[in-house]
Amino acid sequence: MKRDLEGESCGDRSSYVSTVRVRYAETDQGGVAYHSNYLHWFEVGRTEMMRELGYPYADVERVEGVLLTVVEAHLQYHRPAFYDEVLRIESQVSDVRRVRSRIDTLVRRDTDGELLCSGHVWLASVNRSGGVVRLPSGLHAALLAARPKVETQEEGKTDPAGIV
Amino acid sequence: MKRDLEGESCGDRSSYVSTVRVRYAETDQGGVAYHSNYLHWFEVGRTEMMRELGYPYADVERVEGVLLTVVEAHLQYHRPAFYDEVLRIESQVSDVRRVRSRIDTLVRRDTDGELLCSGHVWLASVNRSGGVVRLPSGLHAALLAARPKVETQEEGKTDPAGIV
Amino acid sequence: MKRDLEGESCGDRSSYVSTVRVRYAETDQGGVAYHSNYLHWFEVGRTEMMRELGYPYADVERVEGVLLTVVEAHLQYHRPAFYDEVLRIESQVSDVRRVRSRIDTLVRRDTDGELLCSGHVWLASVNRSGGVVRLPSGLHAALLAARPKVETQEEGKTDPAGIV
Amino acid sequence: MKRDLEGESCGDRSSYVSTVRVRYAETDQGGVAYHSNYLHWFEVGRTEMMRELGYPYADVERVEGVLLTVVEAHLQYHRPAFYDEVLRIESQVSDVRRVRSRIDTLVRRDTDGELLCSGHVWLASVNRSGGVVRLPSGLHAALLAARPKVETQEEGKTDPAGIV
């Protein structure tokens, strides 16, 4: 029933991987990484993914004048991350529509692959004044192509009718 | 079907209100408050709520040795928050179990009440070594009493069987 | 020899006071507020000071198109700040030139006035493209007027020759 | 007269280099990296330096029970850092005493070496209860050995009389 990420779902070739190391500034007095930092690491993950896809986000914003703004975020915290640990961020395009797209992300402890956090964000493309716009067509195609190759139900998920 | 917060549901006496002002440090180059800051503001909201309930979180951690760690977070971003705006944070206890409890939070623009973000976190009580423990009984009772007084379905939500 | 702030120097009428409460997100695993947060609190302090002076920083940026960018910062940490403590931020204009101005700031524990951190920033006024510009004249006058009334050496400090 | 870092002084073999990439979360609405983030990058720089010296800070804290707390920080901002730029952090031990040590840090744009920020922090070694303690002897020796090999005035800077 839960349609949240399973640890395995990001393990294939359509998952883009980057790493970060937990900074002291990111810990809290509970002795672990504070929970908001995962949103920063999700951002690092999708930034590197977009670079690999040929659409560095800096260019999308500067050249195309389009911002991908986070309109929804969901995070499940499975185990804590500790200071100085290397984390592996696995990002995956899971849904692409005309305006919105969804990026699923897993954060793992790099040494043993233990899953620390799973979640996703929905991004909406907007212009500089905050108005909703369509995803630039090149980026739209690249994101579509980056989705994992699963047999079923993908048609429905890409929302061919163009609902936001 | 979505059981997310409706703007109205936090408007009654069981909603605890505090305010913050958006800092320059919290903005990003898109000209709005960066999306991770809402988790900080959610934290401010439930901190002030717990103080009002007579269980300041600092005491829970120091005196009882219990940490309330965020195990799940969900946020929907409706409109951007801008630099120097005063935000009104409305927090509400929406579910209380033996170990976990859920806090729903709305963030509104203070001047006109416009809803900017809605979401919730699930908190789990753990001890200093990270082991799951029951909520301290006094706090458990206070949280139960803080829930909004709605006629129906509350029994089910409080999970009398004590499932985590 | 050190020309750093003395605790007393900010106690007169020319000191602008605001308060913050230490957030859990601002602590680190050492059990105290992480040292970079003081720069955020300095910012809160001078934001409130400018509002009191009649020049809310948001307006300076939006209406006048001038940004006051930090070009130098110095901080001395005397004692740690702990989670949930209320801090008193005392800000004072200590030098005003044509482009640059210096704001001295003290951060005290609110309960007993204990000095936790003292420091200053130098702000330079720049336009949207990062070019150095003169302080808007109204703001320049307001900052000059806000300096503490000390008999000596003020002339020299205001740099009448207009050196940056 | 200024005894701040010169860009050149960190270029020799005694300078420890690491890199970071500016995150969107680290920008502000002025379109540049917010000034407090440099303290995080300074921290990254000295963390990697200590790892290279054979004293990973995580071990110092966990094994030796000693915290190196920032007691003073100074930063000069020369040019802004922009989103997605790679920054090169050059860290250097510039003074080592029984309790305190000083780390000088330069932050450069990686593509062309342009100096963006220079500064230093003074670290004091304290125990878990915040009491001042001597630097662990192994770490003390490693830091001494890591200082740049300059002919003059080093004796004075190491403070042989052991003043804090």
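First chain written, first letter: the chains are A, B, C and D, and each begins at residue 1.
The rule is short, and it goes like this: a contact is a pair of C-beta atoms (placed from the backbone, for glycine too) under 8 Å apart; a residue touches a chain by one contact, two chains touch by 3 or more.
What you see is a predicted model, and the numbers here were worked out from it, not measured in a lab.
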item: Both-way neighbours, i.e. chains that touch subunit D and touch subunit C; value: A, B
item: Between the pairs A-B and A-D, the one where more C-beta pairs touch; value: A-B
item: Inter-chain centre distance, subunit A versus subunit C - centres from mean C-alpha coordinates, in Å; value: 38
item: Chain centre separation (subunit A, subunit D; CA means) in Å; value: 33
item: Length of the line joining the C-alpha centres of subunit A and subunit B, rounded to whole Å; value: 24
item: Sites on subunit D at which at least two other chains make contact; value: 24-25, 30, 32, 36, 39-40, 83
item: For the subunit A and subunit C complex, residues of the former touching the latter; value: 24-25, 27-32, 34, 36, 83
item: Of all residues in subunit D, those that touch subunit A in their complex; value: 21, 23-25, 39-40, 43-44, 47, 56-58, 83-84
item: Residues on subunit A engaged by subunit B in the complex (per definition of touch); value: 30, 32, 35-37, 39-40, 67, 69-77, 80, 130
